[in-house]
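Pasting the structures here.
Both complexes shown next keep chain A, but they swap its partner, so chain B is in the first and chain C is in the second.
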Partner chain A sequence: MRPETQVAPSLAVTVLVSVGRHPLTGRGRQADQDARGVELARSIPQAEVSLLHAGPLGDASETALRGYLGMGFESLLLLEQPDGADVLPALAERLEAAAPQLVITGERAEQGEGSGLLPYLLAERLGWPLVSGLAAVEEVAEGVATLLLALPRGQRRRLRVRLPVIVTVNAAAPSPRQSAYGPARRGQLVLEEAQVVHDEELAKWQVQPARKRPKRLKIIKAASARDRFKAAAAKAEGGRGQVLTDVTPEQGAEAILRLLREEGVLRR
Partner chain B sequence: MSESNSEMLRRDPRQAWIARNRLHPRHLEVLAELGTGGGQEAASEWLGPNGLIRRNPRTVGFIGPHGVKRIDRSGVQQGRVVAGAQASPAACKPLVEIEAPAFLVAVVPDMAGGRLTSHDRDLLGLARQLADADPDSRGAVLAVVFGGHKENGVGDAGIDRVLHFDDEAFAGFSPEARLGALAAVEQAWTPRHWLLPDSPLGGADLGRRLAARLGERPATGVWQLEADAGSPLGWCCTARGAANSLDIRRPLPRLALILAECAEPVSETRHAARLLALPEALPPQLARLEDLGQVAVDPAGVALSEAEFILSAGNGVRDWEGFHHAAEVLRATEGASRVAVDDGHMARDRQVGATGTWVSARVYVAVGISGAIQHLQGIQRCDKVVAINMDPGCDMIKRADLAVIGDSARVLEALVALVEQSREEKRHAA
Partner chain C sequence: MLETLLPILIFAALGLALLGAGRRIRLWRQGRPSPVPILKGLAAMPRRYLVDLHHVVARDKAMSNTHVATAGGFVAAAVLLILVHGLGLGSGLAGGVLGWALLVASATMFLGSLFVYRRRRNPPARLSKGVWMRLPKSLMAFSLGVFAITLLRVGLLPEGLLEGAGGWILALVLAAVVTWGLAEMVVGMTWGGPMKHAFAGALHLAFHRRPERFSTKAGGEGRSTGLKALDLDDPEAPLGVETPADFTWNQLLGFDACVQCGRCEAVCPAFAAGQPLNPKKLIQDMVVGMAGGSDAAYAGSPYPSQEPGGKPVGEHSLERYGSPHGPIVASLHEHDGKALVDAETLWSCTTCRACVEECPMMIEHVDAIVDMRRFLTLERGQTPNKAPEVLDNLIATDNPGGFDPGARMHWATDLELPLMADLQQVDVLLWLGDGAFDMRNQRTLRALVKVLRAARVDFAVLGNEERDSGDVARRLGDEATFQSLARRNIATLATYRFQQILTCDPHSFHVLGNEYGELGGVYEVRHHSTYIAELYEAGRLAFRPWKGGRVTWHDPCYLGRYNGEYEAPRQVLRALGIEVAEMERSGFRSRCCGGGGGAPITDIPGKRRIPDMRMNDVRETGAELVAVGCPQCTAMLEGVVDAGAEVRDIAELVAEALVEPSTSVATDAVGHDARSIRHLAEEVPL
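The block that comes next holds the complex of A and B.
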């Protein structure tokens, strides 16, 4: 499925893609969040989507990057950077030159430090606003985008922001389409030279495979054996709640309504 | 002469004799007089006429719930005394006040729903570790709180200073305004440490924005902290990297984003939580993100485990039409106990409890659920539990913060009527 040529492409969208890491095998793959970002970009009408990656080119990363091409792209721009380089200057320079209207990226990388800082630093450097944790782009009209933000607990918030803007997506964004093998093979990785800045701080840190975090122990701070025994043997109790007996249903309902209002869970 | 007299122990041999004679009509009265506490309790120990300690074994212990005398040898004497001591555990914790702190540890808690989350409390425990590490030059923990809050135990969580931004501009979604306020804090006091929770509730976003603004390279996903003399700030941290597959050990930077359960929350001391104010007013902020408000989502589509408001039905519900209608009007996610699911009234994926979903709602309304232990396990993480039940003695009532004893169908009906009425009024007013 090739993208059809648009009559009047009005919105330049750049998706920053990275090489992910399969959680079980540890092999390189399309990063999940970045693939969702590509899918999100594809869902915007009249968008001219281009892919951008900065990093080393090797066998593993090429397979992963071709996975993005298989989502319906003819080319991917690759800024070549050695291992352990800080990709921020190269990306910022490239984005300044290309000046897209919308930059989409995943929230955190699946390899390297994975601090999730890159979009923030890019936004600060380019002076663009940033919206993190996007669920959908609802509308783009006259240089203003209406975005749907994913909040915790399945909630959504609508935002309006003037372009250009950097947005990040996480697992709340639509799941990516399957990567097709043929287009992935046919697509081109366009290499480009870029400035290289080594990340010297990163090289000094000790990095090792993640240890399992210790489980938190339930510490009972009691002065006496009696309290300790009570704490160990007690049933779960919230304790000391208000109990309304012998009330009419209306009075009970009013008390409940008051609590719901106080907690702010009741929406109009 | 009179001075030495007052120091002398004066004994009343007659009183001592009455105290020994438990058949004497004034026996209890005299025992109470002899007791050091001087309360209504009869004394079990007193100084006898010859300077010996006299004990009355009959006054030791208390009558237990089944009418059997119990003796508590753990040092905490007698049930009634314990009940009195438990009434104010907060008051007996020592109050710590730090007058002139050597440095500040700034913490920006999430305060989801206006209360400190458990993540926030862990974070404050960690901040205390940083502040109290050197007893000669102690730092103070500064909490920056945005929006109105309902937390009353702020000092118990280990906060020395509070900076409260209770402005309209900081309510709701306002990362830019909050960032501006934090930048002003940095300018005014330059805290030695900035700690934020690495949580999707807002801390992760705000912390990264602050890092970009301050030009600091933060440590993200920090879960362990150790003292390390070789580091610039004297601490070394272990952080998760690369989608939780790597541990990165590095010197602690000024700004750190911290994972949950990084430290034990403060439990042994109270702190002053003194209010601070910024020396200068905040400069006006240019808001580039325009908030159009929260969007109504279909509550049935929200996963039960992360729903915010759950209306849950159990064996006591007879009027299922009314229950579904109430959930729709209240815009609550529906849950159910095992019995309701087994009887076929609700779908299996709606089951709350040990075999179903462990929920973390802020408000959980249990309608006609008696509270089996498996169900109570499933709602452990809920903040507020409301129970509507016929049986005043059931376990759910003990767990609930608010319990209404009565017919659940009629209470729900009244609740629906009230909510619809208030919505109607608002529509007319608008």
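The block that comes next holds the complex of A and C.
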């Protein structure tokens, strides 16, 4: 795509960072997954890491964004967007212009829509490959990155991907370094004008606080210590699941309805 | 010949000393400015020396007498030496008196030096060797030399002694001995060597960074233990100490005053536990950094390490190299990770202040350690182990455990504690502390509430409006989080009216009472042991006699050394009918439980655990129960496996022994006759 990137001595990495929200107090903070993305970027030897955020600038978001600066950055590029704007066009435009070889971001935001779709939409728009759930970037050489994917229960998968690429990280990525007060205070939030596209879909939605979902109780029927250990180590699984293939929508809906009745989610 | 040689020698020594003083002062002035009243400080110095410093030295009677003889003799001898031999006032009647006085002074000094010599023959491990080993000989050289030349001067020796070839040789020998003495005792005072402590120490007393810690003629014990706040509003102000030159000049002066007596090392819990901290070595490293160079000349105990023999000293001079403007702690990627001091040394400190309490030179070790921690946390973001998580929790949830701040009062739902928000005005504001989230401390809090209710105290709690006091954040060097918590707490407290704050946590007690003042929150704070003692004195509590076994009291550092409260808890225990079986290290020498300064969070490995050592102290008293007055101490001491003694908070002991006076008696008699209430109360059947 861009042959000149293959001979570049350093690797331009952009980390998309968002404003997180503490689950208990709702205070603004560095989003955990994004902070892990920053840490991952820092672990790549020849990386030149820059931070990018699109969103409104307020007191709460400034504290959170400065948290990223406290991880050892001199500046963070902020594409100012009002509340309710769709940040996708602004981000895509900026990434196209800056042309980093690697874009790292968390899987989903801690507030707002939090649909986890942004990386996919970005990848689609830029025409770049996307790799989700990264554990490490092992090597970058000659325009090809060797990536280590985190799979459930500690499994890993190695992938080779041609740059540029968007990767997302989740809790399996290395935990972020401490954010220090001094660099956070000194760092610059560089504001940049960007096109603003209002998210008209979002404006039509009704937003309300989520309710806690019921959680399946784990019933341990183990007789021996070995079974108990296996049960403790295992993930909570339904076990009675069934895969329906080649069924009509009606049949599928009926199956779902039957299950919901069985589980007592739907009465009658 | 001596008459002409001696004045030259004396004034040459004085001149050299003056030059050295200028050089030394330049070394100190590399530090940051710290305004002190120069003349007032110098005027206060003799009293600080004779009263406060002597008070510390006198804890070791033998050494104190030795020092009085040696130092007193030396000062007198030095002054008289200048008058008699330097200015030639030794003749005539008045001069004769001076001469005789000089004989007495140098003889006294010689006597003292004999004791110094005896101590140096088989020195305890805490003493530094090296140049310090020659000190008794130098003292003897000075005192004997001066004594001999003065004998000649007052005419006690036969006239013709210095005539002829033998006389010349004798005169030369005497001159050589006096030169040795002058070189060590006068020139060495400012150029380095063991006597440096006298010059730097005297000025350190005069220009101390905490003048309020000294007693005054008007009385007052003089105590200054609160950490000094960083100026966070000024973006140019440095955040903590990166290089030796980042200390204030009088801190550097303080380091230079160290006599390497190792009293700090002997009482340091981290050193005893084999963690890589030795307060004496740390102070010496600061001197190395200030002057530039390696620690190769250090001849005391090294920092302990997991390997036998401790961390190597001076072997690889480049490994432990310091310079005034070089980093004290290497950042992870530079210098192979080695600089003057390892980060784990700074994180081993429990901030128990045992070293500061014990230091005869009034050096402030804890201030220096926290200053360096501040840089590591605020600038480098290198707080070790679980500390970043704790700091993040404090920022996000206002408590170190990351609990829902709305759950702070869950432990007390059945107690229906009155809230400040409802009452607005009470006598006593009960500060719960983060122990409110800890199931063990909740038992203490419940006991305390029971006691307050029995004494009909008008109290209320802040409830969910309370936040962590900021103690742990501050000791971990996160001054920004401390100030944020403190300012919000002060704002909350400002909305209510109360006479005093009561807490069962000495850390909150110290921070609220001694450290919020600088940020604008001035309160009268009481530890629960003090408050219970007052309630008992006022006759508002009555106890049934103690039936348990032997009990000992563990003095929490933040109650005792930080706030001078040693007596109240013992008074309470006496009132309970308990005779305290004191541990060898109690009172101001109490050994830390290992729970202060964020040490359980940074968790630097050692060879032993500090609380294990403390429970051994308890075992030695034969006590079946150790009474404590601090949630940290409770947690640390209860965490000891296979401990012989039970750990109970003093509030629990009081609550158990409470005898509820019948209502009529209590209402009539409150404040009237304390003794009769107690008597009546004891008659109530159990």
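Operating definition for what follows: the second predicted complex is superposed on the first by the 204 of 268 C-alpha atoms of A that agree within 3 Å, B and C clash if a C-alpha of one lies under 4 Å from a C-alpha of the other, contacts with A are read in each partner's own complex, and residues count from 1 in each chain.
Going forward, a contact is a pair of C-beta atoms (placed from the backbone, for glycine too) under 8 Å apart; a residue touches a chain by one contact, two chains touch by 3 or more.
Since we're looking at a predicted model, the values are computed, not measured.
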item: First, second, both or neither for A:105, with chain B first and chain C second; value: neither
item: Partner touching more residues of chain A, whether chain B or chain C; value: B
item: Partner chain(s) touched by A:18 [first = chain B, second = chain C, both, neither]; value: neither
item: Which superposed partner A:210 touches (first chain B, second chain C, both, neither); value: first
item: Partner chain(s) touched by A:81 [first = chain B, second = chain C, both, neither]; value: neither
item: First, second, both or neither for A:61, with chain B first and chain C second; value: neither
item: Overlap of chain C and chain B interfaces on chain A (superposed complexes); value: none
item: For the chain B and chain A complex, residues of the former touching the latter; value: 72, 74-76, 113-114, 150, 173, 176, 200-201, 204-205, 208-209, 211-213, 217-218, 220-221, 223, 240-250, 261, 264, 267-268, 288-297, 301-303, 306-309, 330-332, 362-363, 365, 373, 376-377, 380, 383-386, 388, 392, 395, 397-407, 410-415, 417-419, 422-423, 426
item: In the complex, chain A residues that touch chain C; value: 22, 24-25, 27, 29, 70-72, 177-183, 185-186
item: Chain A residues touching chain B - in the complex, by the definition given at the top; value: 20-21, 23, 26, 108-117, 120-121, 123-124, 129-133, 146, 148-149, 151-162, 201, 204-211, 213, 216, 219, 221, 223-227, 235-239, 241-250, 252-257, 259-260, 262-268
item: Contact set on chain C toward chain A in their complex; value: 235, 239, 377-383, 388, 391-392, 395-398, 402-405, 478-480
